[in-house]
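Here chain A shows up in two complexes: once beside chain B, once beside chain C.
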Partner chain A sequence: MSDAMERKELLLVVDDEAGMRDTLIDILEEYDWRPQLACNGLEAVKMVASGDYALVLMDIRMPIMSGIEALARIAQMRPQLPVIMMSAYADQEAMDAAERFGARALMRKPLDWSKLLPLIEQAVSDACGTSSASS
Partner chain B sequence: MAVQRLERVDREAQSPAGKRAETVRKVGHDLRNKLSVMRNSVYYLNMKVGGQDAKVAKHLGILGQEIETSTRTVCYLMDLLHPKEPSLAGVDINGLIQGVFADCAGAEIELVWQLDEALPKALVDAAQMQSVIETLWAYERAMLRPGDHLRIVSRQAPDGLLVEWIDNGPGLSAQAVCDICEPLSDAGTASLGLGMCVARQAVLRNGGAWQVESREGIGTRISLRLPLDVG
Partner chain C sequence: MPSVLIVDDQEDVRTFCSRVLRRLGYQTASVASGREALELLDEQPFDLLITDVMMPEMTGTELLERAREQLPDLPAVVITGYADVDLATRAIRAGACDFVTKPFGIPDLKEAIEHALEQASLAEEAGRLKTLDPFLELLSGNLAGLDDQEWARRILDIVLPAAEAGCGAILLSGGQSDELRVLAATRQGGGPIPDLAPLAERLEGLHELRVVDAQELKRDLPGICLERGAVMLVPLWAEDHLLGGLVLARSDGRLSFQQGQIETVRVLAAQVAAYWENHCLVRELAEWNRDLERCVLDRTRSLREAQDKLLRSERLATVGRLGASVAHELRNPLGVINNSIYYLRTKLRDANPKITKHLDIVEREVGTANGIITDLMSFVRVPQMRLELTDANQLLAAALARVPAPANVEVIPSYTQGLPLVQADVDKMQQVFTNLLQNAVQAMPQGGVLRVGTEMSEGQVVFRFRDSGVGIAEEDMARIFEPLFTTKAKGIGLGLSIVKLLIEAQEGVVRVSSQPGQGACFTVAIPAAVSETEGVAVA
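So, the complex of A and B:
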């Protein structure tokens, strides 16, 4: 593991499956991201309201509050924050909703890490550029 | 009208077949989640220890392959019971084929490419066509032996766009040609038959045509005719 000073930005990982959260956090840490975890959409919305995240990686189907509803609230609260949605089997309705509420991408599960990792890098880099340009 | 349609949808969902389909959808979704966790674990282990020992790497590879096959089978089952309406758009079929093969390198089958570089776009659902191509490739890998040839042809035809998969493999009997899209046949694995059945349905739903010709000892030709994007 690299020095704490070299570590990348804070990411929020949202999934109701414990196994998914555990594996995501281990892999993201290997790539020097600093992931934090939420178990459902409501928890994610609360954490985004109080935390300084560079990106949210969020499942669609979750109890208490779905990923789509959480995405809509996050988009209102922090429109520049990139959100990548994940789904084991997204129907057209969910895909349309994700696009409508400004999701950066929709990744199918099982995740293809060769696509997801560059996507995270790019989304965070784009968002950093946008926020520094607007400040 | 809208109320009538909703009532019909509701009745369908509550019918025994509708309930079975819904159960498969939910269980399938759960299974894909579990497979996703397994794939993440394999990815992590590969990263940490895969390079240290050839046998560990080999077994991680086997696990990865089995996870891929199981994921595909679950998807086939869900697509069979919950076929999605195609979302039609102009699609570069050559690009789609090349994209699938970029991820599927390493097979011991000799590939011969005859893709028409000036091929016009097809009016199809890109995700569904990608799944069809992945399934055909999985089928060929299961049927062909190392050293066999697979020729992939794309060209414009008078009534659409033609994609052909022509192999010099063992070929199929007349009965096996009839059963190629039949999940309950004994010709191959249930998963493969299921996949071919779903692939054929997807081609037909996209306004295309599907044809299989084969001769034992000579090889098999699978032809897909897809609608052109004339817009």
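So, the complex of A and C:
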């Protein structure tokens, strides 16, 4: 934690609520991740296209482009990139859509950090394993 | 054809009379003395008595007097010697209708007989009308207050003497069944009444009034216990269907009824039949009326229920829409607060215990607020179930672990082992049990005992939650599962309605029983899962 060189991979955090973005960033940094921010789905898709992220943590309901649409595009662009969706309405429709487009998980808000942190950890290490195996 | 009994001690007079009367179309019998005449009268009915006045042993007048004791309506003609006016007068006083004086010719005899028979028929008519009097009074009078049995008894009271029958019964159908049953049976002068019910069978095959010998009936229907004598069977018809019948039995040993009695009974029977049919129709009408009223009431009630249901679902939809927007507005800030708490916790691991305590408080309250939102969102739409085969005991145990009871509430679980698995939505069941547990705890503000358990009942797995709390007032029982109904100062009244909503979406049933002041018992019954191979899947 103390050594900056020891910090972990880049994460993309996508949420239209500033409060949510701010708190997510602080917690993730606290656990040594390097989070970057996007405010809607379109921004997220653009950033994934140009950046090298280990994982995307994305809200579903957002203006301009919804999380589900962004998820579909990201899945096309980077099929190996793990995406964890978040929603205040964890209804069946959202769950089905997230599952259909290959989301790693769907987390309900308020977030249960005791589950989310290990989930991120696991997803990133799984993805690294696959990508190193494939390359 | 009328039958005439001729009594004269002179054979030539008897022969003459017999010959003349037969020629005129009468049936005749003749005897030589008053004693023989009385014996014969006892055995068979006659329409007319012709007797000589001057006879040895018993005079004609004496015969007349004694015969009239038994047969008061028997018309008589007396034969007297020439100009014996005194004797003739005495005979008339004794009841003779007319007299002929010796020597007499055919026209004299014919005229006297016809006169006597006519008088007798007039008297009989008058008598019959007199018999009908109380009867008509009974039928037209105030019968509304009488029950059927009493009414039938009164009819028998009139019919029995009119027919000189010792006992009798009225059998009628109507009411629930078409079967004939004895409505009333009476016996003149008291004494045991024979069971006349088996005669229903006889009446059913009968189209006309019939007089039969009691002996014959006894032979055919061993159950019948009748004294020797004639029995009159009178079917009561209403146009095309049999209503019932009258049974009149002589108990004086006579094997027949007089024609007049038969006529009287026929008239009475027609009246009884008409009255009874009318009575049944009125009753049927009243029943229809009642049915109609009931029907209208039923319809009104179901209409009101439908309206209530509509109102409730309207209210629910409002709650649901409100819930959705509240959830949208509140879940995100709650999520942010939650994140901040989490961040602060990671930063303040070794902080002052008071700070940790307050972080706990904020976190708990966020959880409570989020729970309310979850409840509200349950009404947004029909709950979608993710059913899976689950162990009932584990479901309950998980809920108990999740909802810690306050210190003053003792929780006593009792799990039945070997229960079949249930098809249930695990998350929804947790929500249900959480609500029921919280509800029970809130019902025991002073503390108490909460018994929870599982069991099998009628093919269903049952979860039981019995508290020792304040109980539920009777007037609240019907509304306890209604959304927005609450007796508590706190809460919006969704907990139990969500329980009902979620359990019914899993084909289950939730029930409550309670006595105010003695706690309440909620049961949730879920169908046991049926496995493809063994019928019931066992955990």
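Note that the second predicted complex is superposed on the first by the 134 of 135 C-alpha atoms of A that agree within 3 Å, B and C clash if a C-alpha of one lies under 4 Å from a C-alpha of the other, contacts with A are read in each partner's own complex, and residues count from 1 in each chain.
Keep in mind that, in the parts below, a contact is a pair of C-beta atoms (placed from the backbone, for glycine too) under 8 Å apart; a residue touches a chain by one contact, two chains touch by 3 or more.
Being a predicted model, the structure only gives us computed values, none of them experimental.
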Based on the superposition on chain A, does the combination of chain B and chain C result in a clash or a fit?
clash
Who does A:Asp26 touch here: chain B (first), chain C (second), both, or neither?
both
Would you check which partner chain A:Ala88 touches, where first means chain B only, second means chain C only, and both and neither mean what they say?
both
Contacts of A:Arg34 with chain B and chain C, given as first, second, both or neither:
neither
Partner chain(s) touched by A:Lys8 [first = chain B, second = chain C, both, neither]:
neither
Regarding the shared-chain residue A:Arg78, is it in contact with chain B (first), chain C (second), both, or neither?
neither
Which of the stretches 22-30, 220-228, 238-246 or 346-354 of chain C runs into chain B once the two complexes are superposed on chain A?
346-354
What part of chain A is shared between its chain B contacts and its chain C contacts?
17, 19-20, 23-24, 26-27, 30, 61, 88-89, 91-92, 109-111, 113
Considering only the defined contacts, which chain A positions touch chain B in the complex?
17, 19-20, 23-24, 26-27, 30, 61, 88-89, 91-92, 109-111, 113
Which bits of chain A are touching chain C when the two form their complex?
17, 19-20, 23-24, 26-27, 30, 61, 88-89, 91-92, 109-111, 113
Using the touch definition up top, name the residues of chain B that touch chain A in the complex.
25, 28-30, 32-41, 43-44, 47-48, 67, 71, 75, 78, 84-85, 87
Help me check something: in the complex, which residues belonging to chain C touch chain A?
324, 327-328, 331-340, 342-343, 346-347, 366, 370, 377, 384
